[in-house]
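Both of the next two complexes hold subunit A, though its partner changes from subunit B to subunit C.
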Partner chain A sequence: MNRWLTWAWVAFLLTLPLWMEDQYFLHILITSGIFTIAAMSLNLLLGYTGQLSLGHVAFFGIGAYTSALVSLGFDLELTDTYTFVFAPRPVWVAFVAGIVVAGMSGWLIGKISFKVRGAYFVIVTISFAEVVRLVALNWVDLTEGPMALNNIPPFTLAVPGVWELAFFHKLPNYYLVLAVAIVSYVTVRRLVHSRIGRAMIALRENEPLAASAGVDVTRYLVLAAIVSAAMAGAAGGLYTHYIRIVDPDVFLFIYTVTMVIMVITGGKGTLAGPIVGGLIFGILPEVLREFASPEVQWIIYGVFMIMIVFFLPNGIVPALSAWWNDRFGATPSAGGPGTGLPDLEAATRTAGEAT
Partner chain B sequence: MSAGNGTAETVLAVDDLAVHFGGLAALNNVSFDVREGEVASLIGPNGAGKTTAFNVITGFQPPTTGTIRYKGQSLNGLRPNQIAEFGVVRTFQKTSVFASNSVFDNILIGLHRQGASKTWEILLSLPRVRKEELWLREKAAEILDFVGLSARANELGGALPYGEQRLLEVAIALAADPSLLLLDEPVSGMNPAETASFMDMVGKIRARGITILLVEHDMRMVMEVSDRVVVLNQGQIIAEGTPDEIQQDAEVIRAYLGHGARRA
Partner chain C sequence: MDQFLQHILNGTILGGTYALLGIGLTLIFGIMRVVNFSHGELYTFGAYIVYLFAMVLSANFFVSLVLAMVLGVVLGAAIEFVLLRPLRGASIDTTMLVMIGAWIALQNTEQLVWSGVAKSITHPFPAEPLILGPVSVSWVRVFVFAVAVLLIVGTHLLIHRTRLGKAMRATFQDRETAALMGVNIGAIHTATFALGSGLAAAAGALLGPVFVVYPTMGDLAALKSFAIVILGGLGNFMGATLGGFILGFVEEMGAGYISSGYRDAMGFLLIIIVLVFRPTGLFARKERVG
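== the complex of A and B ==
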């Protein structure tokens, strides 16, 4: 059942541009997809290790800026006599660099957070995002500050000397975002269904017990932070080469809040949660725009969110799967002996409902 | 030290341990050994420092002074998970399970140490990762069977009745493949029937070659399952010996066992 749904969903997304010709709608899907990837990355930390990163946009922005700068090249006047010149590199190289640098900053946050949990982790991540935003704003030599980095090259596909396609149009960007989203999804899925994911869940559920059973809790927190940050960095890279301009506003707190809303309304600690949340809160504002003034939009947005949190405290996905199980009497898939791979998702899902 | 199966080798050596909380000496001048393959018990009235001793041995509480060695290796300054790597695993006095995970997943989490798949192997979903996963699931089923919780595999840890949660805790600890298992009041809250079968289980755990250090207030159980008993009172050791010796020790009777003490 689950597998079927996944494949049907992938097939739907793959064929969508064939009959969906509205370019504006495709644009909305691309940006929603980019945000969904960021939400998936946040979910790895928030949903599985239980640590709320309220500076998650920092990793997104670091990926965006790194990828932009590496593809544009830059000069840095280090001393009066010496200027460091970095030549422009191909966009794919830049994209990977963005992922790596974002992953490294995730490692840094994970290390700093060695002993801090809960509220302190939140504060560390918020501060980190603010520091990075101020750097982007004030290090004008490197980032152009509020003037923004412009003319960022798009992705290109090429067979050298024969054929070349620069991603100026929406269609290739759509498929690229979809591909990265699928890779991100598979990454999270494999992690959380393994001993690593169980270690992360153990950290979330009962840290002393996990430690006494030999789980190196810090190590898995750091690992989750690295993977999560790298994935957010990938989303930032996609964004930067699609929009082709990046300014310090990518670090705005509101974007982190949006990601958190996506994860929580969709269902944190579930694989599908951030996708459902990402698409709803990616598309909803655009749909509302046609009917309502910005202020009214925000109010509707807010009311909708409060209703979801109020009526479905565990999010949409857990509520839907509970409904499905009730209705069609699926056996609980917490995973008895010999049922194949463990289904921690189901276990945590039922957990939420029991309490 | 004192009698018992005098030939077995010392595995855990606690030497001159002290733990001070501000002005309070929760432990003072505490030295004792645990020998390979035995069941040793640590008893004493409430607040004697038994749990504190467990916390120090397993790395949850740094000692003020003193050393802990396990099989010759110093455990001082190590974190709980590092100590578990040496095979020293404990249960908690206050019931502690992964409440929102299934019983089966509780055991799988406990089996963490027995898996070896690396991150990159998992990301590539290599065949050996899947094989290991199946193997771990078999082990989990075995352990559940061992503690008699097979029928509960799909229930949530937190939804089990109290006595079974205590069993689940032991099962999680066993999953971590201990060579020394520290049990902190494992039968508190169990009914007499559950306690009796738990006493059988202590024997079975021991038969697997696992050394046990037990903290327990149920004297009938302590006297029946232990090879040696160490008695703490107000942070200090006041007696050490076989169950028989302990039950006749005048100071122990005065401080702890009182008049109602029963013989095993």
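== the complex of A and C ==
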């Protein structure tokens, strides 16, 4: 059943722009899609390794700034006599550069932050995001600071000399975001169903036990951080070439909070959770906008977050699948997300093979 | 050299209020195991209460300060009672998310009530600074520092000299055993959260007249409190006091000798450095990771 649902969902999203002509709605879907990708990346850390990173927006912003700068080109006065000039590169190159640089910062930050756990980890990650934001704000020579980087080129698709399409319109951006979202989803899915994923889940459930069973804790955590950061960087790159302006506000803590709300509401540690949460919190503000000021919206968000923790601590997706199984008595899907002990059997099997 | 002395003085004065913020947060974490993300909102709340009474209702400035602290205590107790009491025993991540929710809701309520425009509070102190040889300091800052020190000493006495303080320390050391000895853990939690919140509100009330008051002022205050608490080790009272002063010095020196744009980054860099080299804080006595 799950498989059919997935395909139906993909088909629905693929054909959506054909019968949904409203450009504004398409815009909302694009931005929700970008945030959904970011939420999926956060879910890898928060849901599968159990580490609450509250600095995730740093990777999003690093991806956005790197991609913008590589596509615009920049020059840096390194000494009085020598200026490093970086010529503008094609947008696709810039996009990949954004992903790589974000992944590298994920490695660096992971290496440092995973020395600590719990509350300490949370605070270190926040600190990183704030430091990066202040650098973006103050390194005016490179980032233009609060004046923002403007006129960032959009993505282009071209057959050299024959045909070229710059993504100024919503439609190509929509399909691009959808494609990146699918790639991200498949990446996360393959990762968490692999040996690596089982190691991550094992150390989420019981770190000392996982470590004593031979799981190299730091290695897997850093690996998760790299993949997660790279994916968030991709989301940042999509954002920057779609909105075409980027300022230090992309690093605001509130965006991290938005991602966290998306993951928690949808269901952390489930594949579908961030998508459900991403769509709800992508579309909800637009619905609320009609009859509520931004402050009231945020108050509703805050209260909603508290309610979710109180009444649906595992999120919507696990609650729905539990309801579905109750109702229709289907066999619980293998390693059912949110069941608390995902795929213990498979984990034991692998452990057996490994020895 | 004069400049250096001036930085030392400014750092000390700033450190006093930072210490207040840090002590509140560290008590809440140490005794309740809650990472209080709404801490900065209590700071903002304190500042707005002073604005409300002193500026809107034209009450006496000092009376307004006292009211801000009292109402901060009340709000803290209410938050603990409604949001945290039902979650006692829940994981640290769960309470952290609830406190993030409370933070967002409170901050935007302030924004809704007071609008985003920054407000200033006039204070009854003379405008000419107090000149001490080569350095000078404004009277209002001297007052702020004196009150902050009084509050720190008062809190210290409360924890070390009263029955309530003894019960708090017992809860900090071993919750189960304390409960077995007849300590009402629920009441201790409410008292702790109210006390911590009152100190944050006091810091906001004191700094409101020095700077300006705006709805998001609590964000940086909260992040700085985290920095202070990390410096001192989570749950360590003396550590938080010293941590507050250290952060004050580092920020002043950083702003004076490196770049004022990076003033607010100093705290975060300090956190990262401390956690890389001494993950349990500068003054930790025992293992606290977790």
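The rule we apply is simple: the second predicted complex is superposed on the first by the 327 of 355 C-alpha atoms of A that agree within 3 Å, B and C clash if a C-alpha of one lies under 4 Å from a C-alpha of the other, contacts with A are read in each partner's own complex, and residues count from 1 in each chain.
FYI, contacts are C-beta pairs under 8 Å (C-beta built on N, C-alpha and C of every residue); 3 or more make two chains touch, one makes a residue touch a chain.
Just so you know, these numbers come straight off a predicted model, no measurement behind them.
By the document's definition of touching, neither partner reaches A:99: not subunit B, not subunit C.
In the superposed model, A:209 lies in contact with subunit B only, and not with subunit C. In the superposition on chain A, A:263 makes contact with neither subunit B nor subunit C. Judged by the touch definition given at the top, the superposed model places A:187 against subunit B, while subunit C stays out of reach. By the touch criterion defined above, A:116 lies against subunit C but remains apart from subunit B after alignment on the C-alpha atoms of chain A. When the two structures are aligned on the shared chain, A:302 is found in touch with subunit C, with no touch to subunit B. In the superposition on chain A, A:198 makes contact with subunit B only, not with subunit C. Contacts of A:126 after superposition: subunit C is touched, whereas subunit B is not reached. Listed in rising order, the residues of subunit A touching subunit C in the complex are 52, 112-113, 115-120, 122-124, 126-128, 130-131, 134-135, 137-138, 253-254, 257, 260, 264, 293, 295-296, 298-299, 301-306, 309-310, 313. On the side of subunit A, the complex with subunit B involves touching residues 187, 190-191, 194-196, 198-199, 201-202, 205-206, 208-217, 223, 332, 334-338, 341-342, 344, 347-348, 350-352, 354-355.
Across the complex, subunit B meets subunit A through its residues 58, 60, 79-82, 84-85, 89-90, 92, 96-102, 104-105, 108-113, 115, 117, 119, 122-123, 125, 129-130, 133, 136-138, 140-141, 144, 153-154, 156, 158-159, 172-173, 175-176. By the touch rule above, subunit C contacts subunit A in their complex via residues 29, 35, 83, 86-87, 92-94, 96-98, 100-109, 111-112, 219, 223, 226-227, 230, 234, 259, 261-262, 264-265, 267-269, 271-272, 275-276, 279, 289-290.
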